Amino acid sequence: MILINESNTGELVLDDGLNFGLGAFETIKISNGGKAILLEEHIERLKNTLNALNIKKEISVDKIYKYITSNNLKNIAFKILVTSENIVFSTRSIPYTSDYYKRGFNVYFSEYRRNSKSLLTYHKTLNYGENILEKRNAFTLGFDEPLFLNERYEITEGATTNIFFIKNNEIYTPKICSGLLNGILRQWVIDNFKVHEGLYTLEDLKSSHEIFLTNSLMGIMKVNKIEGYDLNLKYEKTYEILKTYLDFEER
Amino acid sequence: MILINESNTGELVLDDGLNFGLGAFETIKISNGGKAILLEEHIERLKNTLNALNIKKEISVDKIYKYITSNNLKNIAFKILVTSENIVFSTRSIPYTSDYYKRGFNVYFSEYRRNSKSLLTYHKTLNYGENILEKRNAFTLGFDEPLFLNERYEITEGATTNIFFIKNNEIYTPKICSGLLNGILRQWVIDNFKVHEGLYTLEDLKSSHEIFLTNSLMGIMKVNKIEGYDLNLKYEKTYEILKTYLDFEER
Amino acid sequence: MILINESNTGELVLDDGLNFGLGAFETIKISNGGKAILLEEHIERLKNTLNALNIKKEISVDKIYKYITSNNLKNIAFKILVTSENIVFSTRSIPYTSDYYKRGFNVYFSEYRRNSKSLLTYHKTLNYGENILEKRNAFTLGFDEPLFLNERYEITEGATTNIFFIKNNEIYTPKICSGLLNGILRQWVIDNFKVHEGLYTLEDLKSSHEIFLTNSLMGIMKVNKIEGYDLNLKYEKTYEILKTYLDFEER
Amino acid sequence: MILINESNTGELVLDDGLNFGLGAFETIKISNGGKAILLEEHIERLKNTLNALNIKKEISVDKIYKYITSNNLKNIAFKILVTSENIVFSTRSIPYTSDYYKRGFNVYFSEYRRNSKSLLTYHKTLNYGENILEKRNAFTLGFDEPLFLNERYEITEGATTNIFFIKNNEIYTPKICSGLLNGILRQWVIDNFKVHEGLYTLEDLKSSHEIFLTNSLMGIMKVNKIEGYDLNLKYEKTYEILKTYLDFEER
Amino acid sequence: MILINESNTGELVLDDGLNFGLGAFETIKISNGGKAILLEEHIERLKNTLNALNIKKEISVDKIYKYITSNNLKNIAFKILVTSENIVFSTRSIPYTSDYYKRGFNVYFSEYRRNSKSLLTYHKTLNYGENILEKRNAFTLGFDEPLFLNERYEITEGATTNIFFIKNNEIYTPKICSGLLNGILRQWVIDNFKVHEGLYTLEDLKSSHEIFLTNSLMGIMKVNKIEGYDLNLKYEKTYEILKTYLDFEER
Amino acid sequence: MILINESNTGELVLDDGLNFGLGAFETIKISNGGKAILLEEHIERLKNTLNALNIKKEISVDKIYKYITSNNLKNIAFKILVTSENIVFSTRSIPYTSDYYKRGFNVYFSEYRRNSKSLLTYHKTLNYGENILEKRNAFTLGFDEPLFLNERYEITEGATTNIFFIKNNEIYTPKICSGLLNGILRQWVIDNFKVHEGLYTLEDLKSSHEIFLTNSLMGIMKVNKIEGYDLNLKYEKTYEILKTYLDFEER
């Protein structure tokens, strides 16, 4: 962990960011080849979040690159956390092994609801507690990821993922205004494939032919179980999207 | 500020509490006479919040008393912040001068909505960003406090306060399940007066005869303007409640 | 009071009607001239209600006429109550004096909501408790009638009345499927004037130019205050409707 | 049936209680050993209901005990009905035979909705007609109990039961503010086991591993069919709860 | 196609009807025997629609009969389109072959919602675009008809059909105020059988025993698949209704 | 009017566009100087609408320019209507005189609701009937423009306008996903000023300091009355925006 504060005392400052969750963060995948995947997009979103939180803090892309190369980072998750008084760089290993991709994710629906009328729903901030609590709860119960409905019982997103489903060969994903964070990978899929964005319910999900999740660290992950029930889905289009993404990652 | 961590390095640990807002806090008023107002209730709520967040951390009431007396604290706000790896005590001055009580609060309704179906709505955690952002926004626009509706357009609470209104001499306050934090002062009013708890809308508020806000630092604060319009309310019952509270505080 | 039970013991039978509110009733105005106003319509509705409650009980119009003439009933409220084991006739004086018509009604909105998705909302049954409780509560607080919104905050009806409002000379009243009992007088107004039936909110009511209530005993009653605030409305079309009704009543 | 009225004429008085459903009732199980199960809790709730209905009527626990012992009541349902002018004691046999417990209940969802914004939803009053009508309708169609959703399509309760479901070994039951009557048995389960109270939908129910119903006469009853479809559930935790309850009943 | 305009230039006039969809139309089945099925009901509805659109245009039943007989129309769809400046008669073949009736319809739910609070939802006007777009979309995806929920996720109707379902031998269909067009065939079924009209959800549909669709051209059409899943329903009551209808058509 | 059809018969073809409202249109202001205001944006939107309706029809900008110049069009409304078989150019005079700008618009809220979950809500198509009916209804009642709420009682747009309001010097306008057509002028205001896009209710509107409407023909129009009540607003920022727009128009 490296702390880039002005004071350079090397200590975290207990500012409003840490007191009230008023800070932004990004988690970026560093590939086997040492490439920071979709880095410009992550930095762009980080700036937007800081702007929404009214935090005046310069993020230097140079420093990030230097940090990555000087530490020889490879196949690792690189995290940037920014509050009004702190900038922190840190890394951790990527938890998604090839086993996960083979079997797919086992998901369930949280009893909590996403709020489509909250500013922070749309930004990646330190107000991230419900995601982490629900993610932990999911693990305890034997699931890989909790999904959330909004206050009108429409599908929104997972705790740390976005969701897509395929029906009759068409790709669908919930609209941002359902109440979700626009993931960098979510945007990548939309930019590279024809995707319908709409307001969808559980019924739409249940009658779909393929379901997959996305986030920056896992890329594209198929879903094989909902609430523990085996979906017995045949994955074709999802694999096509996954292949396109892996090609992009390695390019 | 004092940091009571096990390691005793005197440094904040960047744990999940600070990374994701997974921590609890309480703000307690220390009266002119050095009394920690409703301390047992604050400690009790703090323990409940830590329990909900699954944080195993012992809070010693003795240490708190020692801190208050050894620092000779008087007429000040005392804050306790707890995450899985940190316990922090700190103080700040109380911002509510007698001027505020004379003129009353000028409030407005935020464009964001409280989420009645979120766990964290009901607990005082570091996921407090929207409250602070909206509170700041209110000050910029010349208001004292933003109020929030929920997703069904029912009244809930203010950013840092609970709300009560009086109609034909009866006291009303939104039900907890509207989506609000049960403030220590809110509970005190309910325990000491006959209060109806229900699901109320703006219409109920607009046709009321007196409106007041509560929190641990300000006690009982009348509202004299909504969205900048003078309400021209005659305050009687509110003053009676305020008097009872001031007597309690000094006892 | 007269009890027309088969057994003729002259005693009320504690049947499901009295145990669970599974009975029907009608309140019919007997005019100064001894005429039972809109009697056929009341009997028709009574039969419909009994049918909905699956109560097989014959109502003899002859017996009603005999009761009215033999008791020389005039300017009085005549009530019929029917359960599976009981038929009860009774009378009480009409509470609406000319003073009421001069000053108009002072109404307010109840904090409870009508249920548009309940069978009993649409029938006049002994499940009438909330109406009476709220009516009593209104009197205690100095109001004449409580009005109800439904679960979607649309206007429905009063505890014992239907509501109409006039805007730019057009007459409006909430649709039955908002969640209301179709009053005999409500239907009379619709049959005799051009009336829009729709889904309306408080906003529609507040921007209207005249408001009036109807029920079988009071006929047409203007509203002069909502929540205690004087509306300062000029009543023109309401008086025209009232005049037509009074002519009808005396015919 | 015994009628305990002041006048002692031995006749039911047709008061507002019988006219408008403004009365309270409780149904208490008398065990094989002649014990009135959870009697204090029933009396306490009865008093609360009378209070909510503003009925000033003293209930003497002594009279109840005397009635039970002098009539040598055993394995029977004992009912108390109270209105402003009447107190009625009566008994009937308990309809739940061992066959029911073996096969479990076959339930379905009513097309009507519970009203979460009505006072009477939360109290056990004579405004009980919809429950009885829907219960009868269920029997006609071959079901044991109708269940109700509220206006937001959340699960609430059955006509005469509360509902619980189990998922990954955790017990869940709808929150009171969904719109339900807090059954004496429901509270007993909550007091004796760890239970999550929340806002749940049909989806939550359908993905659960065990479902059971409670009321004072039947105790704990498993559900084996919804809408006629066999759920093929394996009951384990439900049997554990049932066993604990039977031990309690016989203690 | 025949155009009956006053000017008799034989040309369509680009009036508000064509510019903004402000026109009405009816599609009437001419039977094998040359009978215009339910013609009076169609003309009646056409007049109501023109009235709602404030179009003063006389429809001559004579001209219609003359057109049908002089053109010797048989087993064909006859369409009348009316705007403020145009009346157009046209015919097209009926697309529903006996194959359709044998296999039944394969339906799915559109991602769009019917609007229960729009005037045009309840009238058959040229504002018919969403129906046609969704119908075409359904064909592309291999379905026969798209169905629509309303804004509260209640079932309403198909793009060009009304929906009925049967449960325990009782017939159900969504209420008009759910947001649907009252089809001529829908009304015929209600007039000839006992039908419950209510507010129903997908859950109600999914637990039903038979499902069928109606419109003027197809008559009664069973549903055998929803979202591609085979329902394996046994059709009995539907065939009874179909038989009654076919008898009526040939009479 | 000029009709540019392939067949060149000079006659309108009664295609699906005219039968079902499946066509697009744009109304473009030609300034005093003969400039087609924001023509590129109009053409761009027209192409998007045709795409959404799946109409393959080329729009030649050259033909439009030639039409404007050859007809020497000035201070006039130029309309393009496109269906699968027809392209029609036409003109009409601009109805907004300087009187309108001086007194401002008198608006009211329609009893109908915009559908946020309909495709056609978001596109300018011939399914425009409700707008025109409500616009005519407004004129009859003495108003200039009807405004619409959506199914959740949020503000959306006017029949032919978009709405903005100003509070404490900040500009607000409803989000597209409330259910509105993104007007060319609406986008121009957003591109040229700092504007908050959100989900707003009547309460937000009523507590605002300035309100204005936009559309391509009228530009920027202040609102001086809602439901006939004089708002007594002081217009400052609106005039600034109007001035900027007029400069742009004349540039």
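Going in written order, the chains are labelled A, B, C, D, E and F, and every chain counts its residues from 1.
Going forward, a contact is a pair of C-beta atoms (placed from the backbone, for glycine too) under 8 Å apart; a residue touches a chain by one contact, two chains touch by 3 or more.
Which chain is which protein? Per UniProt: A, B, C, D, E, F = 4-amino-4-deoxychorismate lyase.
These numbers come from a predicted model, not from an experiment.
Shared contact partners of chain C and chain F are B, E. Set against the C-alpha centre of chain B, every other chain centre is closer than that of E.
Of all the chains, the one whose CA centre sits at the greatest distance from that of chain A is C. Rounded to a multiple of 5, the C-alpha superposition of chain A onto chain E involves a rotation of 120 degrees.
Residues touching across the chain B and chain F pair largely diverge in numbering: under half of the numbers involved belong to both copies.
A straight line joining the Cα centres of chain A and chain B is 33 Å long.
Rounded to whole angstrom, the centroid-to-centroid distance between chain B and chain D, based on C-alpha atoms, equals 38 Å. Centroids built from CA atoms put chain F at 58 Å from chain D.
Each of the following residues of chain B touches two or more other chains: 111, 117, 153, 199.
Listed by chain label, the pairs that touch are A-B, A-D, A-E, A-F, B-C, B-D, B-F, C-D, C-E, C-F, D-E, E-F. Within the complex formed with chain C, the residues of chain E that make contact are 117, 175, 177, 199. Of all the residues in chain C, the ones that touch chain D in their complex are 1, 11-12, 14, 16, 18-22, 25, 53-54, 81, 88, 90, 111-120, 125-133, 136, 151.
Of all residues in chain A, those touching chain E in their complex are 153, 167-168, 170, 172, 196, 198-201, 203-204, 207.
Of all residues in chain D, only 108-109, 111, 141-142, 153, 202, 226-229 touch chain E in the complex they form.
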